[in-house]
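Okay, so subunit A shows up in both of these, paired with subunit B first and subunit C after.
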Partner chain A sequence: MPNLVPHLLNGLSLGLLFALIALGFMLIVGVMELINLAHGSLFALGAYFAMVIIAPELSWLGSVGEGYQALPLAMRYGLAILLAPVLVAVVGMGLELCMRRTYGKKAEYGLLLTFGAALVIEEIIRLVWGPSEQYLQVPQAVSGAFLFAGLIYSKYKLFAALFAVFAILLVWLFLERTPYGAIIKAGAHDSEMVRALGINLTRLRLLVFGLGAGLAGLAGIVLTPIWGLRPHVGIDAVIPAFLIIVLGGIGSFWGAVLGGILVGLAVGITGAYASEWSLLSMYLLLIAVVTVRARGLLGRKSVLEA
Partner chain B sequence: MGARPSAASAWISGEMVCLFAVMATLPLWIEAAGLYQYLGIEIAIWMIYGLGFNLLLGYSGLPSFGHGAFFGIGAYVFGLFQAWAFESLLLGIALATVAAFAAGAVVACFLSHRRGIYFALMTIAFGQVFWFIAIKWHTVTGGEDGLLNIPRPALELGVASLPLGSNVALFYFVLLVFAVVVVALWRLVHSPFGKVLQAVRQNEERARFVGYNVWRFKWAVFSLSAAVAGLAGSLFSMAQQSAYPDVMSLHASGVIVMMTLIGGGFVSFWGPVVGVAVYFLARDVLGAVTETWLLWFGLVFVVSVLFKPEGIAGVWQERVSGVLRLRFADAPLRSGRTGDVSIVGPEHGETKDAIGQSPSGR
Partner chain C sequence: MSRRNLTRRSLLKKAGLLTAGVAATPFMGPWRYNRVYAAASDKPIVIGLTSDASGQYANSGASDRRGMQLAVSEFNKKGGVLGRKVETIHIDTETTPATGSRVAERLITRHECAFLIGAVSSGVANAISQVAQKYGTVYLNTNSSSPTESGKNCHRVKFVWDGNGTNFAQAAVKNAISAYGKKWLLMTNDYVWGHNTSKATRKLVDQFGGEIIDEILVPQGTRDFSAMLLKVQQAAPQVVAAAVGGDDQKAMRQQVSQLGLGQKMAWINNQQDWPDVYGLPIKNLFGVFGTTWYWKLDLPGVAEFVKRYQAAYPDTKIRVPGNVFYNGYMATRELLSAVERAGSTNNRKVIQQLEGLKVSARDRMQHHDAFMNPGTHQMQQTIYLATANAGTKDRDDMFKVLSQSSPAEVRDKGADAACKMESLDATPTYET
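This part shows the complex of A and B:
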């Protein structure tokens, strides 16, 4: 019997990160009933944007001024975490404008379109940044390792997990405590009624898609220092994201968080016994849950079931 | 096409004869066109795959994003059979097809009571499971490298033995299989079974209410489509002389969706055939000019989904007849339009005739 504690901690932190990836996905699927298969590409795009913001001299931007490059890495990293998601959100909004033609058609159209968009974004990344593995710098304070209870942990993983908790709480506060959040939730519940109440649904969808894309980009910035940064890293993100959403229940905030943690724990625990096969457990978990309960753990009945 | 009932019920149609004639002369002129013999094999194999896939996407309206799994299973089973048992062409292909059918049948048990997006998502999950196993089960599948040195066994005809080592010989063998698949699937989609599939696509609820066991039809078409994918996969492992997990990835599974859609699988039996040809020609012709041909192909796909989901076949049909002659009564995937001529719609006159062709009725 291996010592499970480090695996459980690993699983928990992975679960929180998975939940972070799934947040943006959840917003879009909740309000727009659209599975955004481009989520992974936006995730990768966020990390690439951050890389340029952190170290513009290493990219095609070239030198952008001595003063900026002299700033401490932590400050440039902070700027990247703020700015890159906004840029991704703009890309996401552009995608939403294309999506409009598919509204009112069957949900499969959205699926096909975002699949194509994912391919296009990935190819653009490959074109701009090249196909090879890149490295996203992180500040000195969160790199390296520390010792706790006789075991070595990566500082960055702890930082990323805490950041995920922070981001999840922030999104929750936004959804629960602001009027915008109320409108978004109402849109997820009954978009016709929202429109009837005089709220501009078109703009709401644009904003939600932008927000979802921005969160995907944010997740990319936080996760790629762990996973590595390559043009097709998005596929490692979009698949857990949709698994978690389906597992937790489409449109349920805490379902997404719960799904993320469950998937993380499943991967962590199987990692203790068969590390080679650990990622398989999340697919099997999904298949098991959805076979029994199509709408997921905390989900309500969704139009997507029809 | 479907507009003429006589053509639909025939075993061989004019389009088939033309297609087979063009394909059969391919080895004579493909090199003159600046391409190479191997490309013909690849195109023919993927056409088989695409036609089988379109049973799901176009005819039943069930988008599978994990179909590469069954293609891969066919390839691996063929390779393993040659390595572990003995070299045999037909037995290997038959076993690969049966294995893919069996895998499809198991997966379909989980999928068949799912609809729409949930169906698509479950196919992704299952596709990933198989892909993951192929990568990790080193002792059997050879991991990421895959199975190497898969032979091309000779075709034993009892009196004669035809070696398939050369690309031209293998091409004609694949073409033969292709012809059989085309005729079989053409008959299938124009059979009462095919009509029920289209009814399921148009409105699953109605199909159920008129008494069809929709679950069983979805299960059958998924398993069948998986079997065709496995057949194509076994041929592919012979062509490549190897089997590797790449063909099972989500990316590869998505490519077959794109080919089928761009070609016009939603409106025409021949959609996937057109799409596969366009894809491979684009890969070789555009790929020679630019490294980023996949970007352009992806853009064409996006534009196609947005503006012309009927694909190339749809554009062609529009040109030919002035109006889009939908071979299917309803534009696929576009539900809820008024004025649909629905096979299972009780308010339409044609309805009773179409329902009369129930699988048990004939």
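This part shows the complex of A and C:
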């Protein structure tokens, strides 16, 4: 039993990271009823933008460039965490502008467009930064390891899990405590009524898509120092994100968080005791949950249900 | 009842058609068994490149492809092969065996490729080779290294150019047991290459008095190794023998490095492909690992080969060639040379040439002469053990070569026994 505790803690931290990945995906699905297959590519793009902000090639800027590069890594990393998601959000908003022609049409149009966007973004990454493995630097204070109860843990993993908690709370506060959040939630609940109340739905969708894309980028910055950074790293994010929001209940904030934690625990515990099942475990969990509760753990009851 | 008159005109017409039919017989189907129709000297020799452009081995697949293409362009600059230009068609095999089969089928039947070249994943290589054997198309497995590729999954049409898991284990296990200890833990990618490499390692560890205390299977696509690495710590082995490849390996290296586990216990990585580590911080490159070639080997021809690579691919992010590129290049070069020696693209003649292949150490840019084992169709070559070149100033000079073993020292004897190859007569003739 004592052997299980480290794995439970590890699964929990992994779950928080999964929840962070799913957050942006959940927002877009919840409000726009759109499955954004470009979520993974935006995740990767965030990490690449961060890499450039942390270690840019600025020799052409002379002393200004040298001055920037001389800044402490922690400062450049902090700047990357703030700025890179904003840049990804701008890309996301650009994508939303392209999406507008698909609104009101069959869902396949939106799916195809975001799938196409995913391929295009991935290829652009490949063209700009090359196909090879890249390395996202992290500050010295959060790199390395620490010893706890006789086992070595990664400082960065702990930092990433705590950061995920912080990001989740921040998004929750935004949704619950700001008028913008209230509008987004209302939009997710009944978009027709929101429009009828005179709220600009077009702008709301743009904002939500930008926010969702920014969160995908943020998750990319946090996760890639663990997973590694390569142009197709996004595929590793989009599948769990989709699974988690179905598991937690589509459109449910806490459902996504709970789904992420359960997936993390399933992957973490099977990874230790039946590692060959570790990737499959999340799918088995999904099957088990939707078999008994089709709307997911915290999903809203459908009007069709008795 | 109708009556048909035999006139002079109809007789001539029928005789003409009959003559044309008889004359055309050697050029007609079934295509599967008889494809001599196209051996016209002006028709290009088309080679199908079956390398991954997506999935776990996308990056290595690109490197593999660059090797093949450089060899092809060098032959074309010399006037082609048998006076025919060599062309290539690439279709992404997606690091997926089912796609590999489809791609092979399409390249052979639709694009009429004379030869197929390329693989990094052993699962994909096995799938391609089954299709190739069905048609008799010579297939070069350039970079996949499961022992089964030249063992139980060997085929008459398939030639394997990389060292395999047993070769690398032979080079590493005995020394590692005496240097680091007898308690071993295996981390194994959960597919054909991982399993077969693990089997070979187990056998050698047993043979040299070691003990396998646990084995952790790593599903393909694993990105978070934290649970597995906690388990490794709980098991406290003296040596971890990892057969984890591609993107999985990159993620694992990163996480082992973050924990500093590379220094806590000895790590033996069966084989280290250059594209998997190129550009990473040196601290991620812990442990001892095998390779078939390194760009800083102090041997004749190596520096010039590096220059040719850089001239051919000035824009590639990998500024120096690695083992994957080398294998792709060498395999293609030897295939095209074999076609020239055979004087034909006829598969049986080419197979016979390749089965008798001997390459001097100088031509291979390795320490020992190499030869194709006619019983398994695996290239018998020098195997190097290397480690991180700590403290280097040259960021391309990442490896420090520790030792080199001759083909005889690392021979995979199990493959000789396991390989039951189709006879040449049972292999369909094929020529384009």
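Brief remarks on what is shown
Quick note on the criterion: the second predicted complex is superposed on the first by the 290 of 306 C-alpha atoms of A that agree within 3 Å, B and C clash if a C-alpha of one lies under 4 Å from a C-alpha of the other, contacts with A are read in each partner's own complex, and residues count from 1 in each chain.
Quick note on the criterion: a contact is a pair of C-beta atoms (placed from the backbone, for glycine too) under 8 Å apart; a residue touches a chain by one contact, two chains touch by 3 or more.
All figures in this text were calculated on a predicted structure; none of them were measured in a lab.
Superposition of the two structures on subunit A leads subunit B and subunit C into a clash. Of the two partner chains, neither subunit B nor subunit C is touched by A:Ala70. Contacts of A:Glu276 after superposition: both subunit B and subunit C are touched. Once the two complexes are overlaid on the shared chain, A:Lys157 sits against subunit C while remaining clear of subunit B.
Contact with subunit B, but none with subunit C, is seen for A:Leu243 once the two complexes are overlaid on the shared chain. With both structures placed on the common chain, the touch criterion links A:Val292 to neither subunit B nor subunit C. By the touch criterion stated above, A:Ile35 is placed in contact with subunit B alone, subunit C being left untouched.
Legend: residue contacts after superposition of the two complexes on their common chain; A:Ala145 is shown touching subunit C, with no touch to subunit B.
Residues 232, 276-277, 279-280 of subunit A contact both subunit B in one complex and subunit C in the other.
Interface residues of subunit A facing subunit C in the complex, by the touch rule stated above, are 3, 6-7, 10-11, 13-14, 130-135, 143-145, 151-157, 225-228, 230, 232, 236, 267-272, 275-280.
Those residues of subunit C that touch subunit A in the shared complex are 54, 58-59, 62, 190, 216-219, 221-228, 230-231, 233-234, 247, 250-251, 254-255, 258-261, 264, 275-281, 316-318.
Subunit A meets subunit B in the complex at residues 35, 98, 101-102, 105-109, 111-113, 115-117, 119-120, 123-124, 126-127, 232, 235, 239, 242-243, 246, 276-277, 279-280, 283-284, 286-287, 290-291, 294, 304-306.
The residues of subunit B lying in touch with subunit A in their complex are 61, 63, 65, 110, 114-118, 120-122, 124-126, 128-129, 132-133, 136, 250-251, 254, 257-258, 261, 292, 294-295, 298-299, 301-302, 305-307, 309, 333-335.
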